[in-house]
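Each structure below appears as structure tokens.
Both complexes below contain subunit A, partnered by subunit B and then by subunit C.
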Partner chain A sequence: MLDIIVLLITLAITYAIGSYIEKRHFKKIQQREIALIKKPIISYGAKKWNTKREIKKIEMVTGEVVISGDYFKTFVAGLKNFFGGRLTTFESIMDRARREAILRMREKARNAHIIVNARIEAIMLDCDSPEANAIPKCAVIAYGTAVTYAPQK
Partner chain B sequence: MPHKNNYEAQLELIKGENVNVGTKSELKDFSVLLGGIVGVVLVFLISFNTVSTFFIDKMSTESQLRIESLFKSKEKIEIPEKYKQQIFLLENIKQRIIENDVSIQGKSQLNINVLKSKEINAMIKPDGSILFTTKLLDENLSEEELAFVLAHEIGHYSNKDHLKSISKQIAYAIICAVAGLDSKVNSIAQGVSEIEFLSHSREQEKEADLYANKMLIRIYGTNEGAKSFIKKLQNKENLPEFIHYFSTHPSWNERLELVETSNK
Partner chain C sequence: MIITTIETIPGMKIKAHCGLVSGSTVRAKNVFQDFGAGLKNVVGGELKSYTTLLTEAREEAIARMVEQAKRLKANAIINVRLATSSVTTGAAEVYAYGTAVEVVKPESAV
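Moving on, here comes the complex of A and B:
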């Protein structure tokens, strides 16, 4: 009886705190995305890239983020895992992680004109943890080649 | 520089609906899953209990005695000299209760034993024997008060609660085996089972109290023993009322009210 009360209180607290943190993070991501909307352009597809413009600087830029779900999200995902279905609680975590990694990469390349060959990699940390209640963490790395053009004469 | 239209389109994408994240509320998801598990566990427990109660109530005396014999302990419990007089008195009361209840005649011997414990308690074992703790016997209870406690335990026997508790254990074992496949489902299933068990147990205790009250009135013509025993323990424990929602027994207030009103 006491166990279930402790569990429900923990779920309520982690849901309240987790939701607040997530909403705040999404808001910040949106603000930063709007701030970076004009530069630099990202090209995900090109394996070969040519330009007629003079290049001043080429560098590799990365954006990395490790993000974890709260206890509530993990608990709900655990229940879903038993019955099957969309893990909607983790979708928001993946989205936050992906957008945050891209933003960090773009922020590193703030002065560049274009990021070519941008790639995104995602891995789950701790997914093989023997601990039954281990909270999964998701790591996302966004990387690409930042190109800065020389000033036009 | 992106084209103005392109800029506006991007801005709309950022500010617009996020297609990568499910729109369904997490809380709703959780409520549906929780409600589903609670519902399944409750339906299973209630169905299992209804069926097992039906068969236990219809059970023949031979079958009942056979099941009870499976739980019989071979160990002989020696009654300490100090309590022999009280046990002798309890044996006499027991005979009078059996004489007054046809449903328990020709069944278990309802052997009365003493259990060394610091808790005030008495219990009926699955083999049909009754245990009185040393702490309870040390309370210097009057004959009528002792009769109430004994009749309460015999009430459990008469209602076959000792057998029903075995069937409950089987139901919980099944739930644990299925829900045990996942720790999170298991924690909810066990919690629900426990709440259901406590609520069911409180009902059984009320039934046993009513039986004991009825027996006291039949034997002594009054239920003063029941009232004074409950009041005595009520003053000793003095716990807040809500605590009894987590207990196998109803609150002392509720029990007192029950014996007082059933007398009217």
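Moving on, here comes the complex of A and C:
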């Protein structure tokens, strides 16, 4: 009986704090995405990209982030896994992590004109850990080539 | 050393290919930082110590790749890719690989 009460309290607390953190994070991501719109332009998969304009600087930029799931999300996903279907609690984690990584990459290349051939590399850590109640975390690296043109004469 | 994720370097001409270069690293945090991250893990959100772990791992993997390219007397690496894998709990592997090339400015090309 006590076990169930402790479990319910833990679920309630982690749900409250977890969803608060997630909502705040989504709001922040949205604001930053609007602030950075088209600055720099970003292209995914232009491997043979070339230009006739003079180039001042060309470098590789990256952005990385690790976002953790919470106890509630893992518990719900564990239940849902039994019946199949969408695991919405993990969808939001992956979404947050990828968008955050892309934003960090773009913020680092704020003064560049274009990012070409951006790629996203994602991995779930601890998702098949032998520990019974390990909570998965999503690690994402976004990377691309930032190109800055020389000022036009 | 110029590093790009595309097949060319705009404004430069590729003179010679030096072959595949790669660098990898496996890193882990110490027990105290793991404990702090474990607490944060329960409520969710960004794990800052793991993010720095990933940043350090990426920097080191690229540094090793660059070192290898320098030994081949290349001055640029093109088509660079990063790959990650989870080795064990609390550790991450980052693997960086690309093609080392020698590039020259078009004017000076023979």
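Everything below uses one rule, namely that the second predicted complex is superposed on the first by the 153 of 153 C-alpha atoms of A that agree within 3 Å, B and C clash if a C-alpha of one lies under 4 Å from a C-alpha of the other, contacts with A are read in each partner's own complex, and residues count from 1 in each chain.
Here is the rule we go by: contacts are C-beta pairs under 8 Å (C-beta built on N, C-alpha and C of every residue); 3 or more make two chains touch, one makes a residue touch a chain.
Note that the structure is a prediction, hence the values are computed from the model and not measured.
When both complexes are overlaid on subunit A, subunit B and subunit C end up sitting side by side without clashing. Legend: residue contacts after superposition of the two complexes on their common chain; A:73 is shown touching both subunit B and subunit C. In the superposed model, A:94 makes contact with subunit B only, not with subunit C. In the superposition on chain A, A:37 contacts subunit B only, with no contact to subunit C.
By the touch criterion stated above, A:3 is placed in contact with subunit B alone, subunit C being left untouched.
Contacts of A:107 after superposition on the shared chain: neither subunit B nor subunit C is touched. Superposition on the shared chain A places subunit B and subunit C such that, viewed from the Cα centre of subunit A, they span 120 degrees in steps of 10.
Of the two partner chains placed by superposition, only subunit B is touched by A:81; subunit C is not. Touch criterion met: A:21 reaches subunit C, while subunit B stays clear of it. Counting the residues of subunit A that each partner touches, subunit B and subunit C differ, and the larger count belongs to C.
This overlay, made by fitting chain A, leaves subunit B and subunit C with a least C-alpha separation of 15 Å. Applying the stated touch rule to the two superposed structures, the overlap between the subunit B and subunit C interfaces on subunit A comprises residues 73. Every residue of subunit A that touches subunit C in the complex is listed here, in rising order: 13-14, 17-18, 21-22, 25, 46-51, 54-55, 58-60, 62, 64-71, 73, 93, 100, 116-119, 121, 123-126, 129, 131, 134-135, 137, 139, 141, 143-145, 147. The touching residues of subunit C, counted against subunit A in their complex, run 2-11, 37, 40-47, 50-51, 53-55, 58, 62, 79-86, 89-90, 92, 94. Subunit B contributes residues 1-2, 7, 10-11, 14-15, 18, 20-22, 24, 26-27, 29-30, 33-34, 36-37, 181-185, 187-188, 190-192, 194-195, 198, 246 to its touches with subunit A in the complex. Those residues of subunit A that touch subunit B in the shared complex are 1-4, 7, 11, 15, 19, 30, 33-34, 37-38, 41, 72-73, 75-76, 78-83, 86, 88-89, 91-92, 94-95, 98, 132-133.
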